[in-house]
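Shared between the two complexes below is chain A, which has chain B as its partner in the first and chain C in the second.
And now, the complex of A and B:
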């Protein structure tokens, strides 16, 4: 049982959790709790700790990712086949819990697991709630149902309260994996120090990275990714001979603007990692390249006008249409009064649905020249829907009063209207 | 195999030794007596109906209704038994008796299959069986004997097209069918409620309703079973009969209560010789059967759970709506805890209690994934909750 000491080096800052799980597991032939529910934030080492513990202690176990098992049949068969390790000619067929329990007992009998605890690890266990209602309660009391020494470990990011359903079930043993502190993160991150650099030097760098990123991001995976990306930039002055290892102030001044820039792209991967590395090689400015999320799409002429009309219809109240689009427009006193009554900006509340008639009316009043309402125009509306620039909210039938919503941002519509020389801001109620 | 079977008894049950055991054996619902007391009129009605059809060699339908436990099926069985005795004495033409029970069929159309199997021994698919039966009943056959068919739990033979019911009531109208159908169900207005016009018109107007037993009849039934045994005190018997008659008039319920009170009497006076089942024992049995388990459950909840129920009632009284979100109940619970000056639970703990109460069906709760927005309702009246919590710790 001393093997797990190895873990202390590879999995730091989880000693207490490892100790807890080991205490629950006990000796191989001892009974365990029927079910253990492990939860904690993203990247707190839940799966890693459980998987490596089970691997080291050399007990029979199965790992299942519940996302992969979109039907209960896959879940059952995955567990049975992995537990029995049979050759591929003889696979277990099983599509309900009843068969699963029977086959499970059979495997325990055949494999002589009578004096072992068998572990079933269900990762991303929140998916179990979407499957048939009997699965979660049955897995919770599987020890009782199979009458075997078996333990089910659920790993999830959400709390147990959200798993309870109306009819009640056995409660699992609940174990929480707390978040890593800043020191913990530093300790873990300095594990992947490059071999040709000093550990202190590297942990100095991770400290710098954390000082910038720790406010916005505590996800270990993301932080490790960012550290690795920026390390080359950090050591650049040393390679050039401009600074030494101990010249930390100079190195900091060199890396800080880069880190601040990278802060904008945390989690986003707007510039892909390979691109980022290439950029650092070429020493070019990061902003010069077009980001992946482009706010520019080539559209046909009338589609642009349709989109502008849709934007106006979505964000302007119906009452104001008369003011904007009447032939002889003049601000009456009533209109001025109306403006004052309006409380919140429409741009805060989000787009409102509008009927097709209103869209076409606005379209005809903003477009120059005479446009016939041909099939072409209508098909452009539906293609705008299909490329998700518009959304259809009501009336699935095209003929019967369809309602639409405009799904684009103000910046996008401004760039579109610039290309057709239309001043969209002067037609928006919020900017009057 | 995966087919479940009832485990065998390790040893046979011994024949009853004491008077109480003998009484228990006779009071068992499955021990149908030779003659049914208090159902003489219904018996003779059904008997004469079937007898006349047998003599005439024609067919017909009769619809028998009544609340559960009023002796419908037992009376029909009794009629058939008497008819069969008369046939043996050559007083009556021969007939064949069939029985189908809607509850025992996996699917309404299986009725055809079972009918055909009992009639001819053939096995067929439902469609084919229906064809065969149709042919059999609509063509004349030499020396065909009358068929008496008992259809129990008729309402379960309902299908969207009602073809099963239609066929069963249509065959007797055929000239050569010689089929007598006795349809049994619980509700009196079943033909008018769920049957189509053409089905209920074929069922005809020969109807019979079994009234619930009055307390005298119930008393009669029990004493007739206890003939020759002195086990029950008369007043005790009358108490049981009156209580049951007041609620449902169900003979099974009355028999169960009497059986239970013999058990109670036995356990109270173990090895004290002959005992008479008295008022006390019957009263205990009645309380066991009629008292609400929910009130007992509430009395045995943990202190915090009782406090939570109190919070639910308080919140409902405050808002005047019989439904509330969990977050509101939580804040109500917190303030109650403050009043009682006890340590308030965390949200998770309270959510656990709430779901426990929900699984006991004292509350109606939604799935836990809604957490604070989970809507909670009471499954019993507020007065019952307050009554149950009256003499508890925090009242």
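And now, the complex of A and C:
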């Protein structure tokens, strides 16, 4: 069992966890806890550690991703088929837990796994909670039910407390994977070092990346992606011959603005590396267009007004409509006083649902010229819903007084209203 | 008791022949030209349709080209050194004109099938409410034979077959893929489908999954689907294509960080649909090849629908088709709206009655009265007409009236006039384009930025009289020499693209000469203009005593005279005058031409009813003025009054208009009964105790109103209903 030492190189910074799991696994024929629950944040190496450990220790095991098995049947069949290694002409059919236990015992018998511990790894185990109520308890007690030497490993990002429900479940052995520290992250990311560059040089670079991004993002995956994306830019001066590897100050000055820009698009993955390069070029010339175009949407004329009306209806209290849209409006003393009493901004509370009629009433009072209430106007509302600029909250039937919500931000509506020369701020209660 | 009788009574259903409506059946029987019109219409529409389709395939070619190369190269990239493999994803930003997207995606998919990979799955959100559906849809479409056509029934079939054999999971797909393209051997069929020369032997086509309307997918389903795809990205070369109507930020609204980080997106922006529309209009409406034309109001309406409502070119084309159909259907002479080559043959076939109809056309009778009354005398007032119709006018002799009465000469006249219309269009569009080039960059755009704006001015009224035209020419008179030269060169370039008819084919060379003179002017030395003594004398004219107003006037006049024109200015004015004459001659309003009704379709109200319908106002009108629909005298009267003779639902509707948000049913019933029984006022006691029949009528009317969407039951107050519309009568 000294094989796992190999892991230390490929899976650094998880020595303690590996040791723990190995201790739980023991020798091949030894009994293990019926179930092990492993949890920790995204990208803390849970699946990776378990998968590689099981691979190395040459024990019978099945990996299941619970996202993929959207029904319990697929879950059972997946486990059975993979355990028995059947070719896909004769597949197991299994609909319920009872059949599953029986077939499982059968396979153990056939394959002569009696003196091995069989491992079932259920990745993304939180999905099991949404399936039939008996699945989770049954998997927790699988040793008891099958009378076999079997161990179920649950891997999840959620703590065990959130799994408890109903009766009949027994407690698994709980193991936590803690977050990587900054040093850990650096150590792991240094593994990605391209072959033609020095490891120290690369870890120097990762250090720079971490210093910029560590505050906003600790996800190892994202950090690795960012490092990869920006490394080419980092070494550009070296390839051009403008700097040497040791010229770290110069390199830093070169890369820093790029990293700062990348900071705005963490997690977005909107661009591939090639496009990112292109974008960087453009951004240096026109500063804000790239960010603007992200959310820019070209809309038909009346759609714009409908959207503005929807925004006003969502963020203004009904009572204030009279004030904004009455032909001759005069703000009374009382109204002015009332305004002061208002405590929370409507923009903090989020959009409120409004009925269709209110939307149309506001629409007709803000739109220029006479607009007939044609079918096209109504179908536009529906198409705004379909592209998720509006949301329908109640009344699926058009006749039954549907209610909508405006789902767009203030910035968006301001840019829309600017294109039709409409001052939306003067029609909003919060900005009076 | 004779029971045999009742037994013999029965209802027997015979399966009759299915009646398919023929287009001919729609024309009235006595309408003898219906068939002919229908044929011409179909022919015309086919021409237009093919052109639009060609346009469509050309339009997106650039973006498709990029997209295809992205899909092709996405899984070949050896240089990429990412450790965690991301799913290559193309975010295709399509714009909000959702009706057009189906065609666009169809084009894209067929292009991709041809060039990149036979395995493409297209998913629509309405088919994929759950993960199960999205997976089974994907797998069904990917595993089907590439050459097998797939319609809905087949789809079902494959689905059931698959279900029997193996579960619809990704592992099934992996097995299938490995069977098909296991390393080393590839079937000859696959070899054929690969594009060009691919150096590696184990060619593996990518699996493309197109999500047409990404925004409408349920986020949970989509996230799970992407997670599953990324689990298998090592085994399956999957490429995702997202069709996004709004902007890329939609992706991040739908997907969580951990899912979106599985993607490697590249953004593709489809050209805006207004570009497409411009192309369609320029190609279909602004050429002389298609005789059918939209009148100014209809053109406006269709454009407004596009710009104000949906941005959908498909809808615009559908509108155009409708206009065409209606033109040929409603106008009994529409078969004369045919290609130029068929004019004489069609005119030859005209009947007596048809000729009579032509004589009744307003434009024709106007023309007749003009040619007969003003023959040679008052022509000066109609000099513009004369310029164009010189040929016709010249041929008009004193026995004009006889000509228009005689059928044979009438036919030749009609042919001549129609030919004239076609000729008019042939010179109209090149010159309109020329004018557009000259004016489109002017400040404040007096004649519009787009060609279509200029066109709508041209066909609506006389262009040269319009304010915009005058303003544009005033601005043109202020151009600098470089600008002028630039504009003229561009204008020549545009106008020579047309196949100019021989009448105006000298225009480019004429402009060319002006251009040469302009350029030569540079070399010419500035003439020192001789001092004219006139100015001095002018000075003396100022009277000794004058008021301020007059003084200013004289001074201004003097100022004008004082300003001498430089040679360039003179030449510029000369050029512009030449152009102005051209425009005046050729860009006339089509409504001033005889027989224009045959080619121009302008019944805007019909189109409005059909394309831009207003269902709610129609219902409201029907309920408030029922006599218009029922054609009865008894309900006639002031629209606000409630008459007992009206249908129950109308009475109930009118009564409910007087109520607020909530309506008390009992009060409503009382009011209803008062109205209904107002004629026979027998006794008041009766109204206290509701008549059962009246009550039933009332309830029925109320439920009809509920069905129409004016009220709905509410729980806020017992015995009340809520109003769903606002506003009183």
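Observations on the model:
Here, the second predicted complex is superposed on the first by the 409 of 432 C-alpha atoms of A that agree within 3 Å, B and C clash if a C-alpha of one lies under 4 Å from a C-alpha of the other, contacts with A are read in each partner's own complex, and residues count from 1 in each chain.
Keep this in mind: a residue touches a chain if its C-beta (ideal position, glycine included) is under 8 Å from a C-beta of that chain, and two chains touch if they have at least 3 such contacts.
Source: prediction; values computed, not measured.
With chain A as the common reference, the superposed partners chain B and chain C fit together side by side.
Chain centres taken from Cα atoms put the angle at chain A, between chain B and chain C, at 110 degrees to the nearest 10.
Applying the stated contact rule after C-alpha superposition, one finds that A:261 touches neither chain B nor chain C. Of the two partner chains placed by superposition, only chain B is touched by A:166; chain C is not. In the superposition on chain A, contact of A:194 is made with chain C only, not with chain B. Set against each other, chain B and chain C touch different numbers of residues in chain A, with C touching more. Of the two partner chains, chain C is the only one that A:222 touches; chain B does not reach it. In the overlay built on the shared chain, the residue A:319 is in contact with neither chain B nor chain C. Between chain B and chain C, the shortest distance over C-alpha atoms in the superposed arrangement works out to 19 Å.
Touched by chain B in one complex and by chain C in the other is not one residue of chain A. On the chain A side of its complex with chain C, the touching residues are 42, 65, 67-71, 73-74, 77-78, 88, 91, 192, 194, 219, 221-222, 224-225, 228, 267-275, 293-303, 357, 361, 372-377, 379-380, 383, 386-389, 398-401. Contact residues of chain B toward chain A in the complex are 2, 347-348, 351-352, 355-356, 358-360, 365-369, 371.
Listed in rising order, the residues of chain C touching chain A in the complex are 80-84, 86, 88, 91, 95-96, 98, 130-132, 135, 166-167, 169-172, 175, 213, 215-216, 224, 227-228, 231, 245-253, 257-258, 260-261, 263-267, 272, 305-311, 612-617, 707-709, 712, 722, 724-726.
On the side of chain A, the complex with chain B involves touching residues 98-99, 102, 129, 159-168, 171.
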